[in-house]
Structure formats: structure tokens, C-alpha cells
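Below: a set of structures, written as C-alpha cells.
Same chain, two partners: chain A is paired with chain B first, then with chain C.
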Partner chain A sequence: MAARHKSVETKFMEEREEVLRGLRGLDRRSFLKVVAATAGAVMAKGLIAPHSFQLVTIANAAVEKGTSTNGMAGQPPFTFAYISDTHLYERTLNQRFIRGALKAVEDVNALDPQPDFVLFGGDLAQLGTAEELELGQQILGEVKAPIKMMVGEHDWFLDMGDKWQELFGPPNYSFEWKGVHVVVLMSVHEKDFWTARKMTPQQRMGTVAGLDNGIQSRFEVGDEEREWLKNDLAKVPTTTPILVFSHSPLYKYYRNWNFWTDDAEQVQAILRPYDKVTVIHGHTHQMLFNQIANISFYGMLSTAWPWPYAPQGLPALTVQMNRADPFDQFDACGNGRMNVRADGLVDKIYNLWDRNPVTVKADYLRSRGKTYRPPAPQFATY
Partner chain B sequence: MATIRGSADNAASALRPKPRLKNLARRAAVFTVGFALHLGLFWPARNGLGTRTDALDSAPTRRLVANQRRNSKRCANTVRPGAGALVPVTSGGRGSPHDRYRLRMNRVRFSGRRKVCVTAARTARHEPITGANMIRGRIWIGLILIVAATGISALIASAQEPGPLADPKSQSQVGFPAELYSWVIPADNPQTPAKIALGKQLFFEDGLSGDGKVSCDQCHGPAKGFTDQLPTSMGIHGQFGQRNAPTILNALFSTTQFWDGRAATLEDQAKQPILNPIEMGVKSPQEAVAKIKAIPGYSDQFLKVFGHDVNYDDMARAIASYERTQIAFDTPFDHYMAGDQSAIGDDAKRGWSIFNGKGRCMSCHGWNPTQPLFSEFKFHNIGVSAHKSDFVPLARKALALLASGSTPLDIDKLAIQTDMSGLGRFLVTKQPHDIGSFRTMGLRNLLVTQPYFHDGSQPTLWDTLDHYNKGGVQNPYLDGGIVPLGLSESEEDDLVAFLATLTSPEYEAMAKEEYDAQFKRSRTDRPQRDTEAAMGLKGRNGPGLGGPFGDIGPDQDQMGENPALLGGD
Partner chain C sequence: MSPKLNRNTLAAAAGIAILGAIVILPVALRAQQQQPTHPVPAAKDGGTVVMLCDGKTSIEIKNLKPGQQATEQQGRAVANELMAKWQQQHPGEHWETAQAAALSPEANASPTAPAKSKPAAASGQQQGDTYASFTSRDYKVWQTETQKFVDEGKRVFHDSKALGGTIGVSCDMCHPDGSNTHPETYPKYQVQLQRVALLRDMIDWCIENPVKGPTLSPNDAKLRALEAYILAQRKGVPLDYGKH
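What follows is the complex of A and B.
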């Protein structure tokens, strides 16, 4: 590789670091003054501070004070960001998805303060090749915060996950974070449709990557992994907030496009005893949220392209985004952030790249849409 | 510029005074004044009026250009517009002690002029006459010449300044969007001849500035396509702002005003430069009103037009009304679209095809018969200010400042006077996706409104196309539509040929001169050209992310029959 010289972005980042160092040097009084001023501007606009240039943790902490009495009071709130569905091709074939992925990396690196970790939501590659996955690993390597990886069907079905697991480890795992139990699932197993048809790995991958075909089976977490999930949760008290990351939505939205998890009800049943469960999923590339019993669901945005909404099955609570501007590859794409509140519920910020960010509060879903309805996304600048 | 023909050669345009003739006359007048000053009063200010300004990017050159245009303005505005009477140079505040001061200041500020000074001093040493007599003699010669020059220039000016280019335009232009026009005239400020005349007078009113020397036309001069042809504009006391002056031509159709859309209407727009400390430098609306009231005639006119005495809102209404008369269509391209196949050349037709296809220009600079403006009036980061702006720290700084106050005038000051100018639309919306975004500008009469972009950073159309061709300048907020285009040299030439057909007849000669200069320069000097990046062979830096990249558009000649060659209509 040729000697690396500093890109415009790298320089920006260094300058930014400089400013941050300066900010840390501020005395407490003037720092709080800046914070209060920015927060004031945000309040005046009627928005929660949903973007990177506001000192989000502090602004949110003020908002949280009143709500932290129930649940796991005393636990610190935290923030994590996500990047999802980058669908990278080899770079000689496609530049735009690389641009999208890089833009997302820059976005999360610009967050101030930095998120506790960054979730990658699956579908790093488009056709599961080693080149694509390695390119993805290189790009995500630029993320400053720790990365939590999740697998998508586009990463898996060429070699049934060999390369992905070699690069990123096991596809399902769990960890504790500041009082929250986090579970990462591999939810895109499919029943064997390829052996009988004598498909090559490429044909298998191509089939899974397509929509509207009757050949592939529906996604499922599967018996084995549901067993694993049961065992994993066995030691977790039911008052503990649970965060589940899965690539496919853990409910049934639209079968033809595999916006679907076939054993969704069984998985939901395993999660039923817990008070506060939030599922964060990829795959659908759109603003999408839902509430089923005790479980709040948030879909993640893709950095590659937005899917249109499916013709049926859209959860009633979802506030739709407008149709994307086809000229602008970034429109209706993006990334986002979750604010995990002190009570363990999760507010989600959709950082739509060319529109105003949208905050969806847990209270909106939990009240079944009675309060805090988020505004429809707008092109602020039209 | 072989591609501009057809309508421009018709009889009507032949009857108009030729800009070249006017230019010569102005040159002569300015030269005489300069010569007189040289001889009699001061060391000379070099009056290179009409000199093409090539190296626009260096600060000394900018100052030179500024001096030139200031001198040209001195001559060009010897008659108060609308007044119809001769006002000699010496009594209109020009040639006053202030002017002398300015000349002296110019001499000091522009080191290049020192050479002239030295020459003058040397010449003086070689003259046999010495002492007070000589000086007195020179003063007399100087004064005589000044009076002569004044007479000449005033005569010329009386016929031509602000001249036909400043007149309200006819609406019977080919391509004029009559329906759109009827929508954009606000109900609370209808067009009336008296109001337009008043607005025109105010537009050229030097008295509407802190130092009594700057009027709207300093930066929006009719002879320069209602711009100043400077990278960024100069206001009172020779101070430069951060933004390039957008043209008034067709500004009435724009859905927002200013590069960042911080004003919704022309009325709102007109109020801001007057109060900006480094543009026109008036301290308050009240002071502006007082200044106008103090000039005889205005109070009566306001009474006639608005039914009451001068106020700031009505000043803005009148100016906006005048600006709404500046429509510019009737270009060879408009004739082509109206069905005249011979109105533009084959190169321009190929350019039009690239414009709609491989070049992706149409995506933002859209044209259609209802809205033939070549802009969708949205805001995009195309990487222009990424050259010099560190967006993230700047955005933080701007947010902190705007938190304590974000009135239109606060934003105006940040946009015009600080390095936060590069944040563009972000200053207005405070949304990160607007960082470095500026409004899409129309493309008509580009060859008289150079240089290009919000900071005037690109002197030629080729440089501008090179910027787009390489996919802009990478930055975290680059618009999703900005990608490497893979345009070849000949495709860029065709695009420029097409853009040249967007010249209205009154600017034809000027545009041809500019085209020739830009063409010549483009053959040797292409600082923005980056063929590798344009062809996708070079990409983002980062571990393993060097090129080549895919996704370049197909060659134009692979597209089969060129749709543009099928003709308009």
C-alpha cells in the first residue's frame, strides 16, 4: 500500500480532537455555560438534541431526572450508536456503498461524547465474499469506540459464515453493560433449500440476497439458538432491562421480502417475563418501530439504500419517512444512536443523513402512540 | 464562441449601444482622470479598467481588481440614476478629499503600485522646473484635465450610465416563464412603474451607506451581470466579505435569497447588506431612513408611491420591486428550446445531452418549460468550502455563538465576516446535514458572473466542471449526489459550449470575450483537473481504500442516439 497521507477527514478529526482537549481544559463554570446555552437553543426549537454537536449526555441527563425513579434507578444512562446494512461490494465494482459506510464511520466518530460502543447491525457484505468482508473490517476499523458485531444473511450464505466468524468471532453472544443485559442473536438461519436443488454456494448466496423468490426459506433463530437464549437468560433477574440485537425483525412484517422471523413468537415468549425489553434490528433499511406486549422494536437505517415500505404488515406505530430522492444516494439512509435511559428503556435517534434527525421515545411506543408522537421526517431545507 | 448565434444577431440587438463602445469610452474617461491625477495632484492610481482579471486568487490581485472596479464605478455613476441631470464628478462626492484619501490608501495597500510611484518620482526628478511653481502648474493642468474628463465622462454617462443594462427588462423574451412570474410577485408588493423607478434610484444610491460611497450596484453592477466579478465582495472602506455576490438577474424566481437562503424574500434580503458593518455599514434601519430622508426628493417619492414618508420596510419593497424587473431569458438555448434548431451549435447540443446524462447536472440545475431556471433552489454540500473549513470545530463554534442570539443579522454577520461562512446553510438550520451546504444557483449568464461558487474560488467554467468531475472535495457532509463523473476533456468543452448558450443578448459580446479568455486559460492552467479521481481510479484515503473505485457513468457515445440532437420542443 502506498504511503498514507492525511485526508481532509483525518485532518478534521485531528482538529476536532484539539478542540475537545480545549473543551476539557475549560473550567467547570464556563463549560456548563456552553452546555446550558446549547441545550437552551435545542429546547427553544422543541427538539431533543439529536445530533452530534450538542453535548448530548448532559442535555439528556437533565431531561432524565424526572423519569429515573422507576425501574433500575441508580444505573447510569448510556448511549450507543449503530451502523448497519452497508452491503459492501468489492471497491472496483461499487463506490457508493463504500462512501455510505465511511460516512457512517465519520458520523459516529464525530459524536460528542463518544458512544459506549457501536453496534454493527449486519449485512456488512453484499455477496458474502472474503474481499467484501475484509473491506468492511477495514472500514469499521476506523471506528474509535468499541464495535459489537452482528451478522446478516448477506454475510453468511456464501460460506455459511466461515469467513465472518474467522474475522469477527461467534455470531451470537451476550454481555452486561451498565446494568443492562445485552444479547446479540444470529437470527437469519434458513432451512436447507440448496442441497436438493444442487446449488453452488454462489447460487445459494444469490438466492438469499434476492427478494420475492419462493425458493429460500424464512429467517429463523432456530431451535438450537432459542435453547441458548433460554439458558443465557436463566441467570438474569426479570427486573433487569434486556437489549436484544437481531438482524431480522423479531416479528412478522412482510413475508415475501423476508422482513420476517418465522419463530418470532417463540422468541418473544422467551423474553415475555422481562419488564423492559428492547429489540434493535437491521435488514429493513427504513424508519420502523413497533411495540408487541413488553417488547419495543426499533429498525435500523442502512448506509447503502432505503427499502420502500412493504405493501402490508407495517406496524401501526411506525411513522413513515418520505420517499427517497433517487438522485441523492444518502437520502433516507443514515445511522443512529440509542439513548439507554436510567430506567433501562431506550430512546432511539434516527440520524437520517439528508433530513432532520427524528427521535423516537420509548414512551411513545409504551403508551401505544398516545404520547410523544415523533414528527414525520422532513426535508428541512426545502 | 461559435455556439452563441441566432437571436443575438438580430436587428434589435444591433440597435443597442455596443458594450464594447461604452467600455472604450469609459476607459478613455478614466484614463484621462488618471492621467490628470498623475500629472497634477498625486501619484497615479493605475486605472486598468476592463483589464481581465486572471489570477483572482491572490490577495494583492483581489485588491487590484477592487481598485479597478472602484475606479470604474467612480466614472460609471456620475449621474444619479433616475435624476436625469448631470452631476459633475467633483460635486457628487467623487474627487472629494475622501477620494483622494482612498487613492492614497490604494497606493499604500497595493505594493505593485510602488513601481509606478517610483517611475513618477523619477520622471519628476528629470524635469527642469522645480519647486512650488511646478506643483502649482501641475495642479492647474490637472484640474483642467479633470474638468475636461468630467465633461466627457459625464456626457458618456448621461447616455449610458447606469445605462440600458440597468433598465427594467421586457417580458417579451423567448423562454420567459410568464406563469411562474405571476406566482412570484408578492401580493403585498405589486409591481408599479413609480415603485420600480424609486427602487432603481435606491439601488444606485451611494447615500444609503455608512460612508456615502457604496450602493447596491457596487456588488451587483449591471455592467457585470449584476455581480462585481470578484471572488468575494467589497463593502465600505475597502473591506472584503466572505461571499461571492450572487447576480440579481432572475433572483426574483429564487425561493430563498443569499447563498445560504437566510432571507426568504428579496425584501428581506435587501435589508441585510445595508446594515452589515462591512458591506454598506449603516448602523440601524433608523439611520438608513434618516440618510434617505436627508437626500432631497426621496420623501416626495415615497409619499407618491407608498402614501407616507420613508421607512425601512418600504425601502426594501421598492428595491425588491426594481430587482424583480431583472429577468434574463431570450438566450440561444431558449430559442433552441422554442424550436429553432440552428440557435445553438452541435457542440452545445452535445453539451446539453451530457448535462442531462453523464454529467448529472440536471439533477440540481434542472430545466423545464415551467421552471426554466436551472436550479431547484435546494442546498448542497459539494465540497467547495471543504478546502479551507474545518467543519466540526467550526460548527461547534457557530452553535455556541448562535445560542446567545440568532437573529437574521447575527447570522448575516457570521456569514459575511467570519470563517464560519463556510458552514453555509448550517448557520440557518443548525442541522449537521446542512454543514457546508449552499443553494444551487441558476446557470444563466454565467459568462458575465464569474468567478464561481459561494467563495468565488473558481475563476473559469472549466475549473468549476473539474471540481464536479472529480467528485467534489471529500468531506463528511458531502452531498449524496456528488460523485466522480468520468468526463473527458472534450465532454467538458461541450458542456461549456452549452453553458455559453445561456447568455442573454445584452451580454453577448462581454460573454464572448470572457469565454475566449477562459478557453485560453483552460488550455494551459487547470488546477482543479484531477483525471484519476474523475475516472474513479483514485479514492478516499484510509487503510486499503485507495482506488480504483467503480461506479463511473457510461461514456456519452455509448448511449446510442443523442437525445439532444433530436431537438427541442
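What follows is the complex of A and C.
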């Protein structure tokens, strides 16, 4: 099969190799110029549409005038973007995931106007090594907008967060942004499953890195951090819009794959007094959204690979993305952008690479699916 | 019974077994387990006495002296002669039915057949049926062996190195619990390959591309094990070849 039927990806890699051979004489600066010129030529020829990831100014204008259906123009609207779940290996081992991460960086840098900040959604590294995390820091260093870092389990369980914290600071924090209270959680704590099994740090990390093993514990925010969250919110009026960034979903989707937060109900209870709460989470690598009481949840896309939808527990409000084409590395991967409206609610744009972007409006979730339903997939999960 | 005679009898029986006396062999195996005794009559003409495994019917091979090995033709003739003699003594009966009845504990007619000798066969099955004599232990052995095969597939599925991968990617990273592999939809026209593909073609494609390892031959033990694991994850899902 290999000799007679070259796959799209194999052909791509061969062509890429050829181009790179030709460019070997160039230094980095000249190389970037060549790439930019090539992209410009392609655009000029109309071979690809101008990137669909550009801001839609008409929609923004409507929000700015306070004509949003949910009314209440409390603060200036703003936009932020995200890159998530890059799962970088060391550069000598794997370039596939580096390509994904770089593509996302290009995307957010191409946004005009630029987002207020870029959230990194966790799982920067695959096995939590210093080399992987430093590579990630270097790649994210190319992002023009300010970066807000969040940690994922792949970044944490080799050294229990030492290197990540050294590079990026504390894993949970909060800040105010244009009238919105933003909380970043470290939501991938796990109860000790490794000591009794006499695991090495590498074995512990390897276990957490796998989805379909029953060995590891389930994710949790944990007692200590829930206390921290309570205290953090104590001074915030309940009319203030709340934006929570969490790597794990903060609800219970599918336990077997740890699409799960064990103390989700307790965390939700802390957020219950607030009228407008939006949770943006990583980890699930798919178009995923949910509404539980006052809280709207949006899952982020990965730049490395998409996860299939779990066999059970998918929130009823989620409209699945078409299933991924395995022959296209970037299909069903991507990044995204959030428009924080004047009323503090959040519309999310899923920037699916090589596909049309999908907008999921806060009104869709808040109306429990009655309005603005995104298009159904042609090819759902088998 | 003299030791000498006994040895001669065994030699002749071995000759018959070599002929592949299909009807007799399973009974002989069972008899070995139960340690029955069949006293063989003494030879009248200095030859070798051979007894049918009903423990009653016997003939003497006159020209087979003690210590001699029966030829294939002799063995075949003896088997035919024994069965003919039995049929003569049991007109209208069927050998297999009669033996099954004789071995059942209810019948217990033969003092040489212990009560425990009931075959695992359900009623209506005949002695010699492939599936007639298996026990629950046999089924356990089969299940264990099958599970070992599937478990090996699971191991390889989750191990980039075992897959021959060069970039740290293993199957489970995109397919937890073998999800989204839909083995029940093959064979089908795989648009990207522009031909009809089997599950193993797609496994091999994944190994070559995202995993970045050398492709495996269709008979490769790892490919077979991967196929076993993936199929095992879809137990109960109806086959639907060609589905897109």
C-alpha cells in the first residue's frame, strides 16, 4: 500500500521537504519574507479566501450600540483569542505538533484588530518536560498580544508543576478586564494514585497523559482552591460578569476519559450567585458547549489533534462538529476567539482550520437552544 | 492376561490408530482419561487379539505374531472386520448412538464405564461431533487465549515505540478506547486512498502517517493484535460494510 498509494500527508511532507531543501541557503529573515510573499501571491490569485478568522466588524458595531438581544450595555465589549492544547514534544522528536502551534500563532497574530489578550488553555507540553515547556514558551513568545497562561495536566504531573510555575507563575489567579472579573483556575489536581503504586514521575506523567486508563484519579479543583475562589469572589458584586478559565470542563461529561471535574457541583455552587458566568475550558479538543443554570460552558479546540465525542454524556446543547479527516493534520483542530459583549455575555467563534468557522452565541445557550442553533454536522460520530 | 499378550494387543491397537480410525479415536482418548480396563481374550492361534473399544467385540489376527508390527493394510482390514462383527451382533443399531448410550450414566450398563464418564454433549449430539465433548474449562481456555490476543493489541495500541512510531504518537491519542475507528464499516471505499480499504489498510495508513513508523505486513503479529483490539471494542455493533 505504501508504495502505490501515497497519502495526502505523505505527499505534503515530501513537497515540504523539497521546498525546504531549496530554501536551505536562506537565513531566517529571508525565509519569512519568502513565506509572506508566497502567501500574498496565493491570496492575490484568489486561490484561498481571505482568512475567515478576521473580525466581523458589523456584528461588533451592533453590540457596541447596545442593540444586543440581551440588552444592558454595561461595559465596552472586547475580544480575546485563545490557543489551547498544543501538546508539544521536544523539537527533535516531533514537528507535527509544532506545526499546529505555529499555525495558531500565525492566526492570532493575523487578527485585525488585535484581541485584548490571548488565553493559552493548558497542555502546552505532552510529557511535562522542561524542554517541552520551554519550547512552548518560545513559540507563544511570538504572539503579539499579551498572553494569559493556564496549566493543563500534561504540563503538571512530571514535576508537579515546578517547571511550569518557574516559567509562567502561579497556576491560579484573577484579574479585572473592562468590567469583567476573570478567574484562571488550576483545575487538574488529582488525588495521589502514584505513591501506592510506587510510580516514577515519568510513569505518573505517562499515566495522566493517557485518556483511556482507569488508573489515574479524576480531575478536581480541590478544597484549597475552592476556598481561594470563594475568597476571590467575595469582593465581586453579583452583577459583575464572570469569566472562568479552566482546563478541565468544570462539569461531568465522560468519566472514563476524564472529561470530568470531580468537584464540579461545588465549583458551580460558588459561581451560582452571579447572573452571567462563562466557563472557557480546554482538554476536550472538540466543539463542545453546555449550559448549566447560570453558567455557559465552551470547550476549546486543540492545535494538535481532535478527540472523538465520548460515547455517553454529551451535553444536549452541543452541536457536534463534523468528524475529522485523518488525512488532514489540521482538520477539526484550530483555535478561536471570544467576543465579550457589552452585556458581559460571550459569543464564541470556533476557528476550525480548513473549514468554515462556527459561531456559538451566548443567546443560543441562554435560550436553551431555542435561537441561533449552529448547523448540524453532515457526518456525526459513528 | 500375560504381559506378553498385552504388549501385542497394544501394538495392534497402535497400528489401527495410525490409520486414523476417526470413529474410534475420541473414544480411545476418553477411555485413557477414565482408565477403563478391557480384558482381552487369549489368542487361540498364536496371533494377536484386537478388541473394539466397546470392550466386548474382538478378533484375532492370526498372522501377526507377538512383537510384529501390523502393516497399514492389515490395520485397515482389522478395523473393517471389527466393525462388521459388531454390526452383525447389533443388527439395526448405529455405532455412535449405541456408544453414547453405553457411556451415559443412566445406562451404566457397562461395568467398565464409570459414572463420571458422561460426555459434555447435549442430548441429540453424537459422539465424534467436534463441539460435543468440550467442557466449561475448554471455553475458559479459549476466552483466556482470545483475551490475551486482544490485550496484546491494547498494549501496542497505546505504545508509540511498539508501533514503530518515531514521533511519540500512539493510536490512543486520537482513538481512546478504540473510538472513531469504526471497524464495522469496512470494507469501504476510502476516498482519500481512492480505493476500497480494509480496517488493516487504515491501521497501516495511521502507522505510516500520524505515527510515522514503517508499515506492517498483513501477517505481522502486531497488526493482527491491533485488529483484534479494535474489533473487540465494537462488540455488539452490527456489521455495516461500506458505511460512510
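The criterion applied here is as follows: the second predicted complex is superposed on the first by the 306 of 382 C-alpha atoms of A that agree within 3 Å, B and C clash if a C-alpha of one lies under 4 Å from a C-alpha of the other, contacts with A are read in each partner's own complex, and residues count from 1 in each chain.
The rule is simple: a residue touches a chain if its C-beta (ideal position, glycine included) is under 8 Å from a C-beta of that chain, and two chains touch if they have at least 3 such contacts.
This one's a predicted model, so the numbers in the text were calculated from it and none came from an experiment.
Peer 1: With both complexes overlaid on chain A, does A:Phe327 touch chain B (first), chain C (second), both or neither?
Peer 2: Both partners.
Peer 1: Between chain B (first) and chain C (second), which, if any, makes contact with A:Ala110: first, second, both or neither?
Peer 2: A:Ala110: touches chain B, not chain C.
Peer 1: Using the touch criterion from the header, give the chain among chain B and chain C with more contacted residues in chain A.
Peer 2: B
Peer 1: Between chain B (first) and chain C (second), which, if any, makes contact with A:Trp257: first, second, both or neither?
Peer 2: Second partner only.
Peer 1: One more residue to check, A:Leu211. First (chain B), second (chain C), both or neither?
Peer 2: second
Peer 1: Touch check for A:Thr92: first (chain B), second (chain C), both, or neither?
Peer 2: Once the two structures are laid over each other on A, A:Thr92 reaches chain B alone.
Peer 1: Which partner does A:Leu102 reach: the first (chain B), the second (chain C), both, or neither?
Peer 2: first
Peer 1: Please indicate which partner A:Gln126 is in contact with in the superposed arrangement: first for chain B, second for chain C, both, or neither.
Peer 2: It touches chain C, and chain B stays clear.
Peer 1: Determine where on chain A the residues touched by chain B overlap those touched by chain C, and list them.
Peer 2: 1-2, 5, 7-10, 89, 93-96, 327, 329, 379, 381-382
Peer 1: Under the stated contact criterion, what part of chain A meets chain C in this complex?
Peer 2: Where chain A meets chain C, its residues are 1-2, 5, 7-10, 89, 93-96, 126, 210-212, 256-257, 305-308, 310-311, 323-327, 329, 379, 381-382.
Peer 1: Across the complex, what residues on chain A touch chain B?
Peer 2: These residues of chain A touch chain B: 1-2, 4-13, 15-16, 18-19, 34, 37-38, 40-41, 45, 51-54, 89, 91-96, 98-99, 102-103, 106-107, 110, 134-135, 138-139, 141-142, 327-331, 333, 352-357, 379-382.
Peer 1: Which residues of chain B touch chain A in their complex?
Peer 2: Those in contact with chain A are residues 261, 360, 363-364, 378-379, 386, 390-393, 395-396, 399-400, 402-404, 406, 425, 429-434, 437, 473-476, 479-481, 483-484, 536, 539-551.
Peer 1: Chain A touches which residues of chain C in the complex?
Peer 2: Answer in residue numbers: 158, 167-169, 172-177, 179-180, 182, 185, 192-195, 201, 204-206, 208-210, 215, 244.
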